[in-house]
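So, here come the structures, one by one.
What follows is a pair of complexes built around subunit A, which joins subunit B in one and subunit C in the other.
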Partner chain A sequence: MKYLVRSQGFGATVGVIAMLAVFTVIDFSGWWTVQTLSNVTQFTAILALVALGQALVIMTKEIDLSVGSIYGLTGVAFITLEPSLGVPGSLIVALFIAAIAGFVQGTAVVKGELPSMIVTLGGLFAARGIIYVWTGGSVHNFSPDARTHALTRLLGGELFGIAAAIYWVGIISLLLSIMLWGTRFGNRLLATGGSRESAESRGVRTDRVKTAAFVLCSLLAGFAGILTLCNQPQTHVTLGENMELEAISAAVIGGCLLTGGRGSILGVILGALIVVSFRYELIALGAPSSWYITFVGAVLIVAVIFNQKLARFLGHSV
Partner chain B sequence: MTQQPLIQVKNLDLYFGAFHALKNVSVDFNAGELIGLVGDNGAGKTTLIRVLCGIHAPTKGEVFFDGRKVEKFHPKLAIDQGIETIQQSVGLCDNLSIARNFYLGREPVKRILGIPFLDFAKMREKSSRVIRQFGLRENVSADDEVERLSGGERQSVKIGRAVEFKNRVVIMDEPTNHLSVREREHVNELAVQLKEQGLLVIYITHDIFQVHKLADRVVIMENGEKVADASTDSMSAEALEDVIRQGGRVVEKQEAV
Partner chain C sequence: MKIGKSILYSALFASAALGIAHAQEAEKQYRFVMVSHIGSNDPNMNWLTTSLKEFEAKYPDVKTEYISTNNYSVQEHVRLLEQAIATQPDGIAVPIVSSDAFEGPLRKAIEAGIPVVAFNIPDGRPDGERIPYLTYVGGDEFLTGKKLGEYALTKVEAGEIPKPTHVVCASHDSAHQGLKARCAGMKEVMEKAGAKFDELFIGAEPATARNTLQSFLQANPDTNYIFTVAGWSSPWAWGVANDMKLDPDVDDKGVTVLTVDEGPVSIEGVRAGHILATNSQGFWLQGYAPMEWLYWYKKFGYAPQQSILTGPIVINKDNADQWATQVRGVFGDKAYDEQNTW
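Up next, the complex of A and B:
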């Protein structure tokens, strides 16, 4: 219990319990159905992947506003390159494009000593612009062959009635936890976010650490885009729009402090669950879909206040 | 004195924007020497040693290490050359545990299936053993975050780390700050021991009488300039204090005569 309270994910855990209680009371029959739960968990898995990457960047005390566009761009690349490269080939090239996008932005942030908020805002527009030019605004589909390709099914199918994305988020979050808490890179990433000068004075190449975080973030966003399209192989120019806001919300609700150096992998997943559940349930209850953004905003603010109070209570300086 | 200096600083200038923080500083540091670096607040002591440990690159001038000109300045390069520094105001990440801070940048690993994982057992055991000698209380564990430590305990982590990783040069920027009498003595003994082991020790302090007792040579700075550089045999502690109080003018006059 003590460990739980001390973990950054505590707020999100409380939030999920409260949210489920409320949904149970106001919409028992609508919420607790296989259909709802499978949709919500599938969307949660996708958003969680994007939010996990975002969390890594936030832990280094930067931010990445471009994840929604990178998610879209990688997805578009995956679908439109498939006819010439095949499914595995276009998967690799699409992820490579994502990695390059992260590398370019990360390098601009550390070498140019620019605020990541601005650089990645540029990335957001630039990548979205490329999507428009590339697709010409039209919708692209996978061929029937590509839809039934083993790799497409591995990434977008299901096993025992559970969507592949959920297994993927399970595996990736486990790997990220191990990386973050159990390796040199993780220790240096957390140190970079905690105090860049101090980490640097101990010989940590904080510029490389930050660049690596941006690359991982873009890769995860791109991979999430690919998972989505393997499940529903149809691109649209708005693919991933506003996703950066949801991802940042999920990371912050999940306990990542914008002051850097602190966060929780489990918390981020629960944060994504909260964001997605609100979206789904509000629409299910018949609220106009535009209300959902307002609600996410309100939840975000409550979460930030809660997490800050919690951090102060634990004696952290935030 | 035919041996070449381990670190040689030649005509160093450093600007922070328009502010001239180091003005044409030249000084030699020899292996096996304990050198006191003294001077008023804001004299440029910390700035000078931050060039030596790679945090700042000089605007003009040269630094030689072991006879070779230093081309690139980064803390990692300085550490790899064997320069270990107890920094005055940076060096600890509040969000990390004592053990993680202790080994930051040189984390020991244990391979499982060929993958290098942090060796937590070693990190905990070794770090707490070393730091306890410098005043870390028994009830503080190596897993506690540095944020919860007292000023003296934080200092003990930095000192312990320098002892553990000492190599060729140990730079101590006001190392006895926040320390109680016993730990202070321990640190001063340590500085002498390191020197006797053949290391170069650069010791920054405001405690003139203490440094006069410990050091072989004292370098005095004032307003970004080196104003005196004398062996402690040739200068009494009182004279040293006078020079600092008067901003180096005494020395200039003496030289002019």
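Up next, the complex of A and C:
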């Protein structure tokens, strides 16, 4: 219990418990159904993957506004290149494109000493523009062969009635947790965001750490785009539009401090669950779907206040 | 004699001056700008850009420009419009996506002598209140929803599809008054037929839109008609209903899906039996005709006396093959197949 309270994901845990309690009281029969939970968790998994990458960047005291466009660009590359490269080939090339986008942006931030908000805002527009030019306004579908390809099923199918994306987010969050809390790189990543000067004085190459965080962030966003399309190959050039805002919200609600150095993998997943659940339940209750944005805004502000107070209570300077 | 010579020189000078002026008028190049909300994120842009090319080929003294937003933002559209006006073109064609937002810049342009033709979406206010553009060329968005709804009811009477109980109009842009009018047309017909009606903002991002629509269908299990007000979102709606095992194909049970536009995705949806019907609002004409009216107005002072409606026409399984041939002819086979996202 003490560990849980000290965890940066404590706020999100409390938030999820409160949210589930409220949904149970007001809409028990609507919320606790297999279809509802399946829909919510599947989309949570996709958003969580994008938000996990975002969290890594935020932990280094930077931000990545391009994740929605990278999610879209990678997905579009995967589906567009498939006829000529096949499913495995297009998967590799699409992820390579995502990694390059992350590397270029990360390098521009650390070498050019530019604000990440501006660099990745440029990345957001540039990647979206490439999608428009590349596709001419419409993204065609997977061929029937590609849809039944073993790799497509592995990424977008189901196992025991549970969507593959949920397994993937489980595996990746486990790997990220090990990386963050059990490896030197994770330690350096948190140190870079916590106090760059201090980290550098101990020999940490903070520029490399930040670049790696941007690459990981873009790779995770791109992978989420590919998982989405393997599950639902009918798409559009708007793939990933405004997703960056939801991803940042999920990361912040999940306990990531924009001042860097702190965050929680579990918290980010719970943050994504809160964001997706609110949209789902508001519509189910008959509220206009555009209200969802207002609710996310309100939850975001409450989460920031709570997480900052929690960090101060635990003696961290934020 | 001296006076006679002077008169002769004056007459020669005057005729020369008139001749030069006339020649200049004859050689005058016009520049018309279409400021659209149908950007490269929307396959319908091809109709407009193709028709502008054909217009330029027919009228070599006109240069047309097509500029558009790529996101569904009224603010972005107004900004583009203001930029276009600042370049002082000889004419502007623009859809009135929001009367309030477009009122200021368009009135200024018209006062500055730039003729404006509204296309695709008119100013829905009464004559005395609306923006004083030359004319409107386009479909009637209200009629689009209404005619599609009426068509569906004829099929209900024939026993081919289920009677509507609850209809949801899925829209990707909550500020677009043309899309609202489409929903309103469908609403009028469906409510008269005794069905419940809801308008749902699903957004333009595919995964979010699916998630939103699925939430709605889950919470409203009596919904048996989905009307998507963009052709490209119809496969998403069909996909969600199919995943939920709601039998969305066109038959006498389950969910019935209707959509709009004469793009490949809509037409192929009808041909495949996924979509009951779609419509054409004459997109090609909406590119060509506004330019022609601007040209005739600038050149000869013509102004049409009323709006020019280019649609809607219902596309269903009986005429979808003809439409497919027609659209393939305009877009080409490769582009047509690429845009078929089913």
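Assume the second predicted complex is superposed on the first by the 317 of 318 C-alpha atoms of A that agree within 3 Å, B and C clash if a C-alpha of one lies under 4 Å from a C-alpha of the other, contacts with A are read in each partner's own complex, and residues count from 1 in each chain.
As a convention for this text, a residue touches a chain if its C-beta (ideal position, glycine included) is under 8 Å from a C-beta of that chain, and two chains touch if they have at least 3 such contacts.
What you see is a predicted model, and the numbers here were worked out from it, not measured in a lab.
Look at subunit A after the overlay: subunit B and subunit C fit there side by side. The wider contact with subunit A, measured as residues touched, comes from C rather than the other of subunit B and subunit C.
Contacts of A:312 after superposition on the shared chain: neither subunit B nor subunit C is touched. In the superposed model, A:184 makes contact with subunit B only, not with subunit C. Of the two partner chains placed by superposition, only subunit C is touched by A:128; subunit B is not.
Of the two partner chains placed by the overlay, only subunit B lies in contact with A:195; subunit C stays clear of it.
Legend: residue contacts after superposition of the two complexes on their common chain; A:203 is shown touching subunit B, with no touch to subunit C.
When both complexes are overlaid on chain A, the residue A:261 reaches subunit B alone and has no touch with subunit C.
In the superposition on chain A, A:139 makes contact with subunit C only, while subunit B stays out of contact range. Look at A:276: by the touch rule set out above, it reaches subunit C but stays clear of subunit B.
Across the superposed structures, the minimum distance from subunit B to subunit C, using CA atoms, reads 36 Å. Residues 30, 33, 35-36, 39, 43, 46, 128-129, 132-133, 136-141, 228, 232, 234-243, 276, 279-281, 283-286, 288-290 of subunit A are the ones that touch subunit C when the two sit in their complex. Against subunit B, the residues of subunit A that register as touching in their complex are 178, 182-184, 187-188, 190-191, 193-195, 197-205, 260-262, 315-317. Taken together, the subunit C residues at the contact with subunit A in this complex read 39-43, 45-46, 70-71, 174, 200-208, 210-212, 214-216, 218-219, 232-233, 235-236, 239, 244, 265, 335, 337-342. On the side of subunit B, the complex with subunit A involves touching residues 53, 55, 74-76, 78-80, 85, 87, 90-96, 100-101, 103-107, 109, 116-118, 147-148.
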